[in-house]
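After this come two complexes, each holding subunit A, first together with subunit B and then together with subunit C.
Take a look at the complex of A and B:
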């Protein structure tokens, strides 16, 4: 036998489950097509092509997700169902499908926000020519010629693809690649604001540098865990953790460093410092997308990593997450009190929400502890992410329509008296804020209720008391804005509410409706979350 | 101790949902309809609440036609939250306790709506006012018809929101906005207790429905039950303005007077009492929490009464009185089975006479160009005869003049207080004396003595639409005592709260009653000597005793709050901000500076900040790492 034949006999072609992975493939396919469109389509037709392509892509991926979700097979007893695909690199299971669905729906909404043109007088709200230095002749020329960067659509699609891969990764290396795939386009998008470009570019650079820095921690953590377990695969790590093979220092160090990378992405204190600056500087459409979808994806990945790979070491990492959760709630709620910029306030609010989510995450009520049909922490957190995502996207969408001569009027003083100027916009924003504050009959209440009760059932009552306490503090700053809108007189000539096109209107309407619907009839979505079951191992 | 075990609603009771739906619909139409509804909005507002009242009355009559143990109904609307064992039903519970509240809320509510038609006639935002009022009524009805703590919480937050909107209704007054905010913040502290209580309940019993919790309440440990009782008490203190969460109620008087009458006297502020009485299955098993309720009630009834003595603002004097009267109810509710029925009885009579007096005060203000200072009143009994007479009925009722409604209800509480322990009884008795004093003072300063009117003020009687509700409420204030005939209300509520066994009191009731009347007489006489016989200065004297000064300053409630919570809180936020300024806020300033063309400087700043952020990430990572290793390898 020739050596070639031996090689051929030993070589096994990697199996790749195309149908299972079709949602990912559709999104990445659309992203690449978008790049080609950018290269070959004439400038005039690009906007329409790209926007339609992005919408169709996301819808297509959503359909594929539903089909895949309906055909998941039960695995290993219990409530887990799904399959490991791509040679063990990707886990397509209930939680993955749920997160994919959430990310895709929120992305669909965000695409509409990206495609809004009327607010900037017929052009996208992204920089006309990103390469032109702010304040130069080139920038003015780009502006007068009405240039646009339609590349934002494929960039966004790449980020969406990363966000889908991140929580579905079944080994550390895939997870790291997914992290970078989701982050790099976001860094770029953050720097593309049409107005206040210095702020935007500063935000992008900060985000990039700090993101790179935290990725360093993440990959060092991977190395340590590999040193301990001898494998990148979650199942193998889990087995090694349960077996306690010795050399716990490596494992604990690895968990700590991986946690740092993850906590950075979810925006937990003390790794939150980038959040307010980036949320404020980035174009608001990007902020909305980032605040909602990144949080969903990152929490999905966090849950999988810590429940699946490090589930056996739960008692080792629980105290650390307790501290981070409490710190995050304190920092988010308290610092939001003194914010004067609505985007920064929403950023701190998202930090506080990360703290509430961590409460649910760490008050881990596992399948083994719950009665039949009760929801686990995983499902509670998934539900909370849905409620949070819709409210957040809509809130940022509202920010885009409150404007003055300099673009969006994000300073809170400009929002005073908005109730008189535009009762509808102020009313919608008030409901969204009440939703974030967790007032009953809004989604925020049911979400918090789900997360806190599971955490309480898991025995984390000091954490829940803290969480409830700080949701009271948080309620205060949300209401402060409502007071400002309704009970204060406009400053100067007051804010104006621009009439957006149907696209932004849809975004606001969807977020508003979801905030109310998930508060009044949360049943169907809770059922979906419960049906997601557990992670497969 | 009775278990909540309702039957499915049928017949007239299946219309229960409509009682809530009518005002909710009214609010929705008025809010969404916009200016198109300006012309007839107020009429719709009155009509919806009146409709709810008719339905409540029909249901009440239906309830009376049933046997005593067949008087609880539940109407299932839909399943609000469900995920396996995690289940909250949106259901309504109609039993004798809810029935009485329904009548009070919709009955007094309808009268106050009617009154508001006249009172708010010249306000350009009258339609909005009625929308909020309807919203409030709907939320309040949800609160008392809930059959689950989570649904109750929904109503609880709803009335809070409506109250908040209505306190700040006159948004052009900065004081109104501040008061609204204060009410919200203080109430959130109470809501914290509510939220934690409900969650603890869920964690303990696996359910938050009254029926289930009342069935298994005895199975929990004493510690849990006490904690539940105290958490619910905290909630009740917030909503019912009880010490230590009392400070918001006086400021809440910034709202239009009908709001003060409906929300801050007759209905919403009594929700705390409702909560305690409704949760009797918890308190009966938690004696420590019950004692706490009594203490809170006793302290507040004196606290409010003392504040009432020193206020020159007629509404604030009445607010102090409200606080004090709710203290009575709390005290009674804390006495357990012996007191629940009397707490509710006093709640109802208080609803009548206090709404009456608040609306009377509104009528006076209406005639006095919205002046609230009693030092500018005097001799109004001739100028406003109807207001005077109706107010007088309320006055006689609240001081407990024999035969009037307040006499029966307060007397019972004092009696029950003495039976429980001497201190509670003495506090209640003393409170009765002080009440007589400050109410007489208020009466004398407003309706008697010399005219002290401001120039250009011509007091006049209010229009019919305002006086008719006053007359009805005055009649109720006089006659409310009939509910005690043959101990009717005690028997009626027995299926919900249980019935105390009868035993002969140590002091014969008639002696007790005579003592109370004597104390009240002393209070009235003191007021006559100190206020009635002297001339009332037009400006408040400044050289007053330390006690008067303390009472004027609401017994330093705000100062205490400030010293204990606000200042440390401020400092904490301040420190955090300072800390954050090093990185975060500085960047904003830096960016702003950059817009001014200082991009060079900006770049230098920017580098610095990323470095400091990175440093914080690094330090955080080190802490996490060291903590992980130290905790696990030590």
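Take a look at the complex of A and C:
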């Protein structure tokens, strides 16, 4: 028998579970269709086609996620349920489904923000023609003809697809590909602002440079872990880590380098330096999307990587996470105090939130370790991500409607007296800020309560004390903005609140409602998070 | 050939790449530093693959993926650098300081 015949005899067609992966397939299908629409549809009809396609695609994926979620099978006893699909590459389990649902709902809300046209006088808030230089003939022609880059919708769909794949990936190769699929469209989207083009491009360049740098560390970590375990698969890595068959240096080096890549994505100190610059420079709709969805996806992936693959080395990485968590909370809360730009302040606030989430990350992991009615750290972090995501999207949506002649009035001094100018907008923003600060009866409080109790159950009480302390510091700068809005006199002409179309109004209303509802009746979402169970292995 | 030779070489290349990213101020040269980092990792992956005699060739497959993604990344990166060059007139990363923390008095104290 020739060698070709041997190969042919041994070849087995890979099995691919189309129904389990349908949410991912829908999103990637919509993204590719969006590219085709961009190529073939006439310019005039593209906006409507793309926006409707994106909304329908996300809704379709959401429906598919619910159907897949209801039909998950129990696996290996305990509370874990789901199956490993695509020849071991993707784990479709309870946490994956929960994160998919969260990312999709937040993306649906963000699509509406992307599609807002009324605030810029009938065009998208993205550059009419990104290649045209500001102040040139080409730029003037683009704006008089009302050109818009409707490519932002397919780009966003690719990013959403990457965000869904990232936390569900079950081997290092899939995880790396997903990381790049989610990052590359975001780098581009950051540079496409219609106003303040130079700042936007600077943000894109910084995000790209630092993102590429950190993914270099990420894959070096992958190479070392592969060298340690001899496989990219999480189950095989987990077995090698539990067995501890030599090569300790390779494993620890690999974990540290992978952590660098992950901590960069979640925006934890000391890898946070890009966050304020990029959040400030990027178009606000992109910032909202990126702040909410990237954090959800990256935390999902961080938890899966460290709990499933490196669960056996827990005592090696826990001290590192402690240090990073404390540093992140300190940097986020203290540097936010001195910010004068509202988007920058929200960026530092998101860094502080990453620190609180990391506090939950080192909590009690196993269902066996917590009492009846208590939740594990995975479930607490999932719940916190939901509360954080909705509040953040709505807060950035409010930023888009407070404007002056030059576009969005992001300097905080322009916000003084907003309470007199527009009591509704100021009131909504005040509630969102209180939610981020973690005042009782808002979602921030229930979220913080969830992660802090699980961290306490895991014995990380010094970390919880630090977290509570810096929650108070963080509350100070949120309250400072509220004081500014209500008790300061307007500077100059004062801020104006533009009337947005129904799209942005829906975003703000949904985020506002979620912030209050999750604070008053957190039960249903907490139950959902608890029902997500554990990662399958 | 002992395993540590290619590992040492790849870690040296990686270190040179990191040095390039941190020290070079021209955006294109920073991108070259990033490329050097990615390709150092490829060497590492292939070396481990050969050392394990991995029947599935996970390391070599991964190296192919890294090459493809590095190509996509560099294409996108050069597009952004080109755009920045056209609007800013230069690509010195040190001059990109419009977005940074400033020593301004906080608003509430004004």
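One rule holds for everything that comes next: the second predicted complex is superposed on the first by the 526 of 537 C-alpha atoms of A that agree within 3 Å, B and C clash if a C-alpha of one lies under 4 Å from a C-alpha of the other, contacts with A are read in each partner's own complex, and residues count from 1 in each chain.
Heads up, the rule we're going with is that a residue touches a chain if its C-beta (ideal position, glycine included) is under 8 Å from a C-beta of that chain, and two chains touch if they have at least 3 such contacts.
All of these numbers come straight from a predicted model, not from anything done at the bench.
K.L.:
Once the structures are superposed on A, label A:199 by its partner contacts, choosing first (subunit B), second (subunit C), both or neither.
P.N.:
It touches subunit B and subunit C both.
K.L.:
Once the two complexes are aligned on chain A, which partner has more residues of subunit A within touching range, subunit B or subunit C?
P.N.:
B
K.L.:
For A:223, is the partner it touches subunit B (first), subunit C (second), both, or none of the two (neither)?
P.N.:
second
K.L.:
Regarding the shared-chain residue A:256, is it in contact with subunit B (first), subunit C (second), both, or neither?
P.N.:
A:256 contacts subunit B only, not subunit C.
K.L.:
Counting only touches as set out at the top, which of subunit B and subunit C does A:337 meet: first, second, both, neither?
P.N.:
both
K.L.:
Taking the superposition as given, does A:41 touch the first partner, subunit B, the second, subunit C, both, or neither?
P.N.:
In the superposed model, A:41 contacts neither subunit B nor subunit C.
K.L.:
Looking at A:509 after the superposition, I want to know if it touches subunit B, subunit C, both of them or none. Which is it: first, second, both, neither?
P.N.:
Touch status of A:509: no partner.
K.L.:
Once chain A of both complexes is superposed, is A:276 in touch with subunit B (first), subunit C (second), both, or neither?
P.N.:
Both partners, subunit B and subunit C.
K.L.:
Give one of first, second, both or neither to describe whether A:66 is in contact with subunit B, with subunit C, with both, or with none.
P.N.:
In the superposition, A:66 touches no partner, neither subunit B nor subunit C.
K.L.:
Contacts for A:453 in the overlay, against subunit B (first) and subunit C (second): which applies, first, second, both or neither?
P.N.:
In the superposition, A:453 touches subunit B alone.
K.L.:
Using the superposition on chain A as set up above, list the residues of subunit A that contact both subunit B and subunit C.
P.N.:
198-199, 202, 205-206, 209, 213, 217, 276-277, 280-281, 335, 337-338, 344, 480, 483
K.L.:
Using the touch rule from the top, collect the residues of subunit C that touch subunit A in their complex.
P.N.:
The touching residues are 7, 10, 14, 17-18, 21, 27, 30-31, 34, 37-38, 40-41, 44-45, 48, 51-52, 54, 58-59, 61-62, 65-66, 69, 72-73, 76-77, 79-81, 83-84, 86-88, 93, 96, 98-102, 104, 106-108, 110.
K.L.:
Would you mind writing out the residues of subunit A in touch with subunit C in their complex?
P.N.:
Per the touch definition, subunit A meets subunit C at residues 130-131, 133-134, 172-173, 176-177, 180, 184, 187-188, 191, 197-199, 201-206, 208-209, 212-213, 215-217, 219-220, 222-224, 226-227, 230-232, 276-277, 280-281, 335, 337-340, 344, 412-413, 416, 480, 483-484.
K.L.:
Can you list the residues on subunit A that touch subunit B in the complex?
P.N.:
Contact set of subunit A toward subunit B: 196, 198-199, 202, 205-206, 209-210, 213-214, 217, 248-249, 252-253, 255-257, 259-260, 263-264, 269-271, 273-274, 276-277, 280-281, 316-317, 319-320, 323-324, 331, 334-335, 337-338, 341, 344, 370-375, 379, 434, 439-441, 446, 449-450, 452-453, 456-457, 461, 464-465, 468-469, 471-472, 475-476, 479-480, 483, 486-489, 520-523, 526-527, 529-530.
K.L.:
Can you list the residues on subunit B that touch subunit A in the complex?
P.N.:
78-86, 150, 153-154, 157-158, 161, 168, 171-172, 176-177, 180-181, 184-185, 188-189, 191-192, 195-196, 199-200, 202-203, 572-573, 576-577, 580, 583-584, 587-588, 591, 594-595, 599, 602, 606, 609-610, 612-614, 616-621, 623-625, 627-629, 631-633
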